[in-house]
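Order of writing sets the chain letters: A, B and C. Residues in each chain are counted from 1.
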Amino acid sequence: MKFPISTIAQLIGATIEGNANAEIFTLSKIEEGKPGGICFLANPKYTHHIYSTQASAVIVANDFVATEPILATLLRVENPYNAFTFLLQKAQEMMQVKTGIEQPCFISPTAKIGENVYIGAFAYIGHYAEIGNGTKIYPHTYIGDNAKIGENTTLHANVSVYMGCEIGHNCLIHAGVVVGSDGFGHAPQNDGTYAKIPQIGNVVIENHVEIGANTTIDRGTMGSTRICDGVKLDNLIQVAHNVVIGKNTVIAAQTGISGSTKIGESCMIGGQVGFVGHINITNGVKIGAQSGVSKDIRIEKSAWRGSPVQEYRQQLKSEAIFRQLEELSKKVHELEKMMKG
Amino acid sequence: MKFPISTIAQLIGATIEGNANAEIFTLSKIEEGKPGGICFLANPKYTHHIYSTQASAVIVANDFVATEPILATLLRVENPYNAFTFLLQKAQEMMQVKTGIEQPCFISPTAKIGENVYIGAFAYIGHYAEIGNGTKIYPHTYIGDNAKIGENTTLHANVSVYMGCEIGHNCLIHAGVVVGSDGFGHAPQNDGTYAKIPQIGNVVIENHVEIGANTTIDRGTMGSTRICDGVKLDNLIQVAHNVVIGKNTVIAAQTGISGSTKIGESCMIGGQVGFVGHINITNGVKIGAQSGVSKDIRIEKSAWRGSPVQEYRQQLKSEAIFRQLEELSKKVHELEKMMKG
Amino acid sequence: MKFPISTIAQLIGATIEGNANAEIFTLSKIEEGKPGGICFLANPKYTHHIYSTQASAVIVANDFVATEPILATLLRVENPYNAFTFLLQKAQEMMQVKTGIEQPCFISPTAKIGENVYIGAFAYIGHYAEIGNGTKIYPHTYIGDNAKIGENTTLHANVSVYMGCEIGHNCLIHAGVVVGSDGFGHAPQNDGTYAKIPQIGNVVIENHVEIGANTTIDRGTMGSTRICDGVKLDNLIQVAHNVVIGKNTVIAAQTGISGSTKIGESCMIGGQVGFVGHINITNGVKIGAQSGVSKDIRIEKSAWRGSPVQEYRQQLKSEAIFRQLEELSKKVHELEKMMKG
């Protein structure tokens, strides 16, 4: 979609300096501006870019004073950053206008479907499943029997929600996510085989949760695996059975959390971290990327790193010496020679 | 589904103490019991929970003697653990009663479909593919041409089985699993590009195998990538071309196995482990989480840990000293000063 | 499919020694030959296998001289390796003959579909999407609105391409891949929650790119996440928003690249590597498996390893001493005693 600069100026309450008719179809950073693009200038560090940017329009502060000629149209506002963020949000909304029910799709006659939903072609809504008002189910997404999806939640394409799982309001579930696969539980038998431990719990995802592409969340063995309000999970994360992730915790890609581990609220977990099972991590904890967490962490707002983890600064010291281990080893050998020789 | 306690008592041959009419709809641990739930008491360590549990019913041993009042109905049996496991299995079976062929689905006229199958809406069964008796193919699952699925096997939603791959009997394949994608083989050319090495083999998954959500198993370059009887793979595991995983080996989430590596029988592999290609791991080997295995392991039942791995206890010692490397380094510097100063 | 040996001999211009009528239906290595299979002998190290192979036919050099009886039919050519590679490619081509449009599928009336395409049942082609000539879209694959797929590209089953993303010519995208999910961007708010940073960019995949199963590539926050010509990505890789991967770089499975990191041309990255965000890796760099890269790498063709990475050989030395840390520590304690005692 394209809009004349005049339309955008109206949206953000800007005064226009330059060509008001040029058409805008994308947003960008000032240093990456291209014709048809709009960008903003807030940080004086970037001011020099405004004289060379290819962007068609730049949002600037009311008090901005140019010291060289500028090709782009200027849009003057009180707060350029806020105005640009507003445009970004509008652009994001325009990308999500899907509505209605495409055919063919499969909706069980016993399913409850809210109002103003989008259900894409080839979506599958199982028996007694519930889809809340304003929710969007993209093509090829599977909602198992008795599963419940709240209001204003989006499930992108090729998502699988197993039977009986629950997803709340205002959630965003990316393509390929699996919610409710069996926990990994197998009891060793005398003949060397394993007997499957039944996995009859479910997954409960609360509200305002975002789950990244191809992340997997296993159902509880009994009870629920629970992702609390406001949690943000990146792509390709593994969440095992009966894990609880506390409110507003964010976890980067490819991290894995083993069964029954509880992570507190407002934690920040890096990518490719591993947690063993049955441990407790308190609130506000930070874990560096690629760490291995094998025991409880009880100190709020503490920072950890390494595999196995130790306190963050201690780990950095150990790592620094590790890089010079050859030198340390040589010194010890020298000392040995001096002592014994 | 709900059942009166009396029905459950009949199922497990229990004598009832208390209200036989209360309705049960879920199973739980005794410490997490809620109204409508049934739990069990076997381990004396948990006995105190029976006096406070909210569960509607508790399965106890015939010889259990209460020392305080209990609100829950008691179901007395010889072996509470076995009785509860039996109920768990019944509950699991009730979750898997899907049968019949939903429409629309795509079944090639040349495919062979067994009896008592479930084929969900939007499932795709390719030319000359075979689906055994009692097998369940969930919605959005793709079975390529000439692929063969055995009897009483379940493929959950959004699984992709490439052409010519084979899955045996009594297997459980979770959502998003990919079976038979191309091995990662590319021959460097003089101009810096890579030429694709054709990948014409297949994947053979034997019987009683469970594969976790979004795990990927590449086809052999030539011949087969093979997952042997009784193997259990967790979620998000990568199995490269021509890998062989021996009978009854279990592997935790996010582990990756590079091309042509052979893993023996009855091994236990932790999560996020990496194996380089073209190595052999003998039977009964245990590998700790986040390890990196870069060479053959020839000692049966040996345990390993670290990246690169070393023998388990040796690695623990190295890790312990690593955590105190700063101290060690200081001592060396002190000694140096004393010697030289 | 089966072919008599005589047909295969014609294809590769071979002279036949032995039974020309036996039927061939598979290719294999000489040490794994089975009846109905054809293999080749080029490396003298493998010559002894030719006297015991079960294969029905072996491609040998014109000047090969047998010293014992051989059961297999011999096919004599100038260059056995090239002849075999040619057969492998033919076999691969025969596996990819899908064409036509299967029903039911969903093709928006505003989509542009090229000639000689394959569109599988349950494929979804969104509004204004473009599919180039000769391209194959397998079942359950989702092409969002305004997405563009070039010519002679294959997308296997259950792939999700979000709106506005672009994939070039001659690409191969394996099952379960996600292209264009939102970048992981969340701005912390005063109340502890996070506000979503809109992700309005896209993903651009250039030509001759291969992407492994269940790999995820996030869209740019603004601008594009870019996978350049000739890049080969293995399975389960995470590529974050605004990452750029340079021409002809190959990356092994389960590696993760954080936001805005740029990787140069012709790099070779091992499996399970992690890159932090906003760093630059120059051309021709090699990174060992399970490494953690947390800073710019500016030396072309340099090799690195470890977490955090150090120069390859230096890291190997540190690792070697790490394995003997216990011994080193004991020596230091001994020296201490000698000095102080």
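Here, a residue touches a chain if its C-beta (ideal position, glycine included) is under 8 Å from a C-beta of that chain, and two chains touch if they have at least 3 such contacts.
Treat the numbers as computed from the prediction; the structure is a model and nothing was measured.
Trainee: Please state whether the interface between chain A and chain B is built from the same residues or different ones, using more than half shared residue numbers as the mark of same.
Mentor: different
Trainee: Write the angle of the rotation needed to overlay chain A on chain C, where the fit uses Cα atoms and the result is rounded to the nearest 5°.
Mentor: Superposing chain A on chain C takes a rotation of 120 degrees, nearest 5.
Trainee: Can you give the whole-Å distance between the Cα centres of chain A and chain B?
Mentor: The computed centroid separation for chain A versus chain B comes out at 25 Å.
Trainee: For chain A, write out the residues touching at least two other chains, lowest number first.
Mentor: Only 104, 122, 140, 158, 176, 214, 236, 254, 272, 307, 322, 328, 332, 335, 339 qualify.
Trainee: State the interface residues of chain B toward chain C in the complex, per the touch definition above.
Mentor: Chain B reaches chain C through residues 104, 106, 122, 124, 140, 142, 144, 158-160, 162-164, 176, 178, 181-182, 184, 186, 192-194, 196-200, 214, 216, 218, 222-223, 236, 238, 240, 254, 256, 258, 272, 274, 276, 292, 307-308, 310, 314, 317-318, 321-322, 328, 331-332, 335, 338-339.
Trainee: Mind listing the chain B positions that touch chain A in their complex?
Mentor: 26-29, 32, 88-89, 91-92, 95, 102, 104, 120-122, 138-140, 156-158, 172, 174-176, 208, 210, 212-214, 230, 232, 234-236, 247-248, 250, 252-254, 265-266, 271-272, 289-290, 307, 319, 322-326, 328-329, 332, 335-336, 339
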